[in-house]
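Across the two complexes that follow, chain A remains constant while its partner is chain B and subsequently chain C.
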Partner chain A sequence: MSTGTGTGTGNGTGPTRFEVVRQGAREHDDVEIVHYEPQYPPGSKAEKRMTRIVSLMFMLSGLTAILFVLAYVWWPFTDWPSVDGWQYQPGNTASKGFTPILGLMLGLSLGFLGLGILTWGKKLLPHEIALQDRHDGGSDPAERALTGTTLQFIGEELGLARRPLLKVALAAPAAGLGAAALVVPVGMLIKDPHHPDVFFHTGWDPAANGGKKVRLVREDGVTAIRPEDISVGGQITAFPGIPEGNRNKHADSPVLLIRLRQDDAARLRENIKAYPTNAKFEKHPMVGDLVAYSKICTHAGCPASLYEQETNRLLCPCHQSQFLITDNAKPIFGPATQRLPMLPLELDEEGFLAAQGDFAVPVGPAFWEKPSERRDA
Partner chain B sequence: MVAHSPRRPRSRARRRAIAALRMLAALVLAGGIYALVSPNAQANAPGQLSAAAQEGRALYETSCISCHANNGQGVEGRGPSLIGVGSAAVEFQVETGRMPAAAQGAQLERKPPQFNSDEARQLGQYIQELGGGPEIAFQGEQAPKGDIAHGGELFRVNCSSCHAFSAAGGALSSGKFAPSLEPSTDRQLYAAMLTGPQNMPVFGDNQMSPQDKYDVIAYVQNLKSDTDPGGWGLGRFGPVTEGVAIFLFGMVLLAFAALWIAGKS
Partner chain C sequence: MKKRKFDVKQLPAATAGAIDDRYKVATPLRSFLNKVFPDHWTFLLGEIALFAFIILLLTGTFLALFFEPSMQEVTYQGSYLPLRDVHMSRAYETSLELSFDVRGGLIMRQMHHWAALLFMAAIVVHMARVFFTGAFRKPRELNWIIGLLLFWLGFLEGFAGYSLPDDALSGTGLRIASAIVLSIPLVGSWVSTSLFSGEFPGEIILERFYILHVFLLPLVLLTLITVHVGLVIVQKHSQFPGPGRTNHNVVGERWFPRYVLKQGGFFMLVFGVLALMGGLFQINPIWLFGPYEAAVVSSGSQPDWYVMFLDGSTRLMPAWEIRAFGYTIPAIFWPTVVLPGLLTVFPMFYPFIEARLRKDKGFHNLLERPRDVPERTGLGAAGITFYLVLTFSGGNDIIADKFQISLNAMTWAGRIGLLVLPPLAYYVARRICLGLQQHDREVLAHGVETGIIRLLPDGRFIEVHQPLAPVDEHGHGELPYVGAPVPKKMNRLGALPPAVRGFFKPIEEPAPPKPKDREKIETH
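Right after this comes the complex of A and B.
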């Protein structure tokens, strides 16, 4: 061979390996190798240099991989071992470097490996141009006939026609699995996993508190709230003052208690008159300039508690719904379509804020039977 | 003398003289009380201002008076009245550079302050002596020591909805936003809670005692003192943000690297 690639058997008697490969490709795969040439003369200085570069990359890959292992074992990722239990230390401690050093070392190792292989393929392997004929059209008719016959034969061998019992028996799993697939979606329309009332009552319902009106308390679950606790333009998150009122059990109960400016409160009082759901409470739902709305967004149930005290808006951070506090928490922007329910407030005999009763409409997002307004409105 | 003399009907002239004296005493007393409690009486008497307030007044009359008017009375449609806003609000607005405002807008943003903190306190002192109002409860730059854990509880209930769990801030309506707490000092945090600047709610002392506020400050400053592994916290929103970032940037980078390699060969 004129290529002189050193790929031959070398004894000069038979064809070289390259010739066998070229012949095989031509006869079996219709591939013609038309050009084959090493990039550097074998044994040349340039080839040796390139070999050293590739080797260096592999060495670096191995080295960084070992550094990864060393960092994983010895890098301080906590203040371990500690005497009195581990405590998180803020600030620029060495443990902050744990994950970055792992990622860096593994990344470098894989990077060098990839670069090494790339360089090897690009610089050290010979240039080759090979041509292959394109095959057009379908398969050989004889081949197609044979495949069809094979399939028919398999069908015959299964013997469903000769064994009717199998046919009947197969119907059983078909019917059973079909029913299993149907029963879940159909059942979801019929079977209600919840107690029918669960969505209609919150922790503010006096019925669940032995008939006593429920006080508004702070996040600690016990501290009752007086009207003067909130400044003008201030807000406080209030929970029902019942056992576990500030726990997950009553996660639908929190309200945002807001003290409006005098003129804004007057505007809200006007608007309440025009909105029967809030106007029909036993007593007026506001105490002074204080108003309380459910904290649960009517769109997807996030806490809609971003209170803008100048624009009198409540915002929900999840999908940017906005509610106008001075107009019965009417949704004015975003995907929410229902108002935030208002909690009717009163002062109890000791001067603490309490709820007159439960919300007039269910809190939170819509569900199948949810009315958007109170039913007697 | 009168008390020791034996009781006898007083002469008419004497009764009149005593009534006149009583009236005079009552007038002096009422006038004195009025002078003590009336802001205008103080405002109209610059001689009663303390030295710091005098300095503040000089600054006020060069930089604030065009919008907030003489004696902090306010100008309709330009600047609100400053009577009763207190020194805390003034210090916050001036120290964070929000005041003097460059232009009217939906939201005044933090910018390099025009006055140093001494001048800000002098301005605050002047407004305080004009009309009273909330004041920062501690002297010096550092707030008294607070309970970080309790502050964290308060922060998550009251502050995190707008300023985010990481105190990095968040969006509000119509282009407004809750700013990041990163550059805030102890005094600025305290003043912001106490006075509720712009759209921030007010957290008065009845709702959050000064000690509660110190707890929140301790928590926020502790949060800020921490560094992020890898150096870039991505707002500390957690693994979802980090996953999205690596997907968007990392994958795109890999795709272009693959294209580049393919294009070279």
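Right after this comes the complex of A and C.
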């Protein structure tokens, strides 16, 4: 079934190169080439045609690569490299085409190269079927036994079995250095979560503000908020009015300040009396119809920011936990299990909204030692 | 003095000789060149992952030259106008610079991201191939385990990578990751503050993720990939059953030159497709998301596709929190810590479990077709269904929005689907396997359907079958069922004339049908 070919030249009279390779593979590498057949008769019209196709692909690859280089250097005709970078220009400008042109040219170049190589391999090289013996299933038994004995003898040479003292003594560095290898990475990384008590304090803590109660401010971090700034049914995100209160340093502090409709506010006031577990306060925590809840979802810590005015539901877009604001932010759907902590509000002497104190429960996702009740309850 | 003549023709041989004198490489080199590889298109899936990894290393090196993993706060003054004067981290600023000010930076960023997505996709599809064909069986259990580790390492590497630009999406992902760490019983809060060096987000997490992303994880990945591929070479590739193929040989092509040309060409194609995607298809447009701010998130925030199944499991999990003796195990612990743990441990032991159940201690170098092991195929189908329900649930808000379905209905559909669909998939896949097997056996016994209807003298109509081998007196073939593909159509037997080749006009004369074949059809 095998087909010899004219490829490979010997010295004229002896075996061809193919025959030498085939016999060598059989005798030295356990490889039997059982079938070897050119795709096209050598020198045939079809073979020449395929050679032309492969060459064309390589040439197109080179051409598109050159276009890539040209685009990289001249597009969009800035005076690169004398300017820094290539200066993206806003609007509908030539710089919009830069990345697509680079991708198109590089992709075409590599694609033509790949197709050229593939066609060369698949169509111009002879098709073959070769067989190789696997020789699997472990080493020769004698070899295996000899290696085993060698290993055993190494153990004997070390002589731990004969010298029990050495065995005991070796345990010392093993234990000591093992402990060192453990203690250094742990020691350099470890941070006590409770000293300082980072989960229990946010930017609303008056203690960190020189004992002064913290005002609610807008996103800019300075503009204080009056109750009348929010329309009925409206809501804004408020931040603690302290330095950097609106930055990620105080990632657990943002609250959603909501102005409920009158009847909803009345219902909430009733419910707060019934379940005061998520806030502590001396005065009533609502100012008029205004109420503030932590924006950080008690499930995974995303901002629960989608407020549906009709139903008074607050939805967290990450995992779709839903909190019913009129029921004191009770989780009513999705994976969240705990109410959003409430920020107790008051009006300060200038008529701006301020927090009576910090949250009573840790903000955000639950953890092992997180109390399920407020601390003073 | 006579000048020694320099013979260019002798140069390769002389160099090779000089090298062999020093390193004695002739024998190992030749056995390497002559190594036989079996060929099947599904064996290329793992190679896509390997090629994507190489492209990740190349593009990632470029990005590392410009990116700074710093959380230091800056005010943006770069060339992207909508974000001018916005406060952001230096990490986000350098990501914007890479996209707008570094020449060719955007295509590198996008190629890197697409390559990461392709890397994970190729791993998943490759694992499915290995699973469904039983390639994980003895002696290849270790390589299956390494492959599984490569998936999870790739997962972590990808997550670390898309956390780095510090845009709104990466920050949200990190926030959820911190919640996951927090949920671990006993040590959660300690691990979280240690990881972030204080409260989330702290000031150092990006630098830690950076060294993980550009050094530690790639190093481990590269090592394991080397071992993975090395084991394939040492153990020799498994092959599908077929003519001449046994458990003790490899039937295919010598590695050099044809096989390696095909591999090289394929690499260039993968590279080319990624370059096209990186240039033409936008991915992760961080400038549209804005910098990470703890109070800001938008709906439709999806992670990269390979993380979506965990996002889905988190969404579907009911609000079951365990509270006892003043301690809490949060609900998020189960879908994000326990589930991935199970998804690591069970597949890791699967080769041994299956061998135990099948009482199978043999070596297996011949693959099994999925239809020949209906229970395994059913299990795989159930697993894929489980994974798909979770992945779709990771985007259930998008589905709810686009198809005007209630979001809560989507969540419930996912919860119910997660329990009902996998067993259903097991049942259906198993029945399909048995049916396919049955059909193969039928062809072996009766032959291929010819489409020729014959009227018998007593008025009955029968379809004429073409037996595959000599038959007994009842017209039944005696070919054994060996789990190899069985021809199902007459042109597979060469009974039809070959198609006329040529695109616009025939490039050869159509061959006349062979008279012998016609005879054969008509006589049966």
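Everything below uses one rule, namely that the second predicted complex is superposed on the first by the 261 of 377 C-alpha atoms of A that agree within 3 Å, B and C clash if a C-alpha of one lies under 4 Å from a C-alpha of the other, contacts with A are read in each partner's own complex, and residues count from 1 in each chain.
As a convention for this text, contacts are C-beta pairs under 8 Å (C-beta built on N, C-alpha and C of every residue); 3 or more make two chains touch, one makes a residue touch a chain.
What you are looking at is a predicted structure, and each value in this text was computed from that prediction instead of being measured.
With both structures placed on the common chain, the touch criterion links A:Pro341 to neither chain B nor chain C. In the superposition on chain A, A:Ile296 makes contact with chain C only, not with chain B. In the superposed model, A:His319 makes contact with chain C only, not with chain B. Once chain A of one complex is fitted onto chain A of the other, the partner contacts of A:Leu131 are limited to chain C, with no touch recorded for chain B. In the overlay built on the shared chain, the residue A:Tyr307 is in contact with chain B alone; chain C does not reach it. Of the two partner chains placed around the shared chain by superposition, chain B is the only one that A:Glu228 touches, whereas chain C remains out of contact. Once the two complexes are laid over each other on the shared chain, residue contacts for A:Leu118 go to chain B and to chain C alike.
Contacts of A:Leu106 after superposition on the shared chain: chain C is touched, whereas chain B is not.
With both structures placed on the common chain, the touch criterion links A:Gly97 to chain B but leaves chain C unconnected. Of the residues of chain A, those at positions 90, 98-100, 103, 118, 122, 219, 237, 303, 305-306, 315, 317, 320, 333 touch chain B in one of the two structures and chain C in the other.
On the side of chain A, the complex with chain C involves touching residues 24-25, 28-29, 31, 33-34, 46, 72, 80, 84-90, 98-104, 106-122, 125-134, 136-137, 189-194, 198-199, 219, 237, 239, 247-248, 250-252, 254, 295-296, 299-303, 305-306, 315, 317-321, 331, 333-338, 364-372. Within the complex formed with chain A, the chain C residues making contact are 27, 30-31, 34-36, 73, 79-81, 87, 97, 100-107, 110-111, 139, 171-172, 175-176, 178-180, 182-190, 192-195, 197-201, 235-236, 244, 247-254, 257-259, 261-262, 264-280, 292-301, 311, 314-315, 317-321, 323, 326-332, 335, 363, 365, 396-397, 407-408, 411, 507.
Of all the residues in chain A, the ones that touch chain B in their complex are 90-92, 96-100, 103, 118, 122, 219, 226, 228-237, 258, 303, 305-311, 313, 315, 317, 320, 322, 333.
Those residues of chain B lying in contact with chain A across their complex are 153, 157-158, 161-162, 170-174, 176, 178, 196, 198-204, 206-207, 222-223, 225-231, 261, 264-265.
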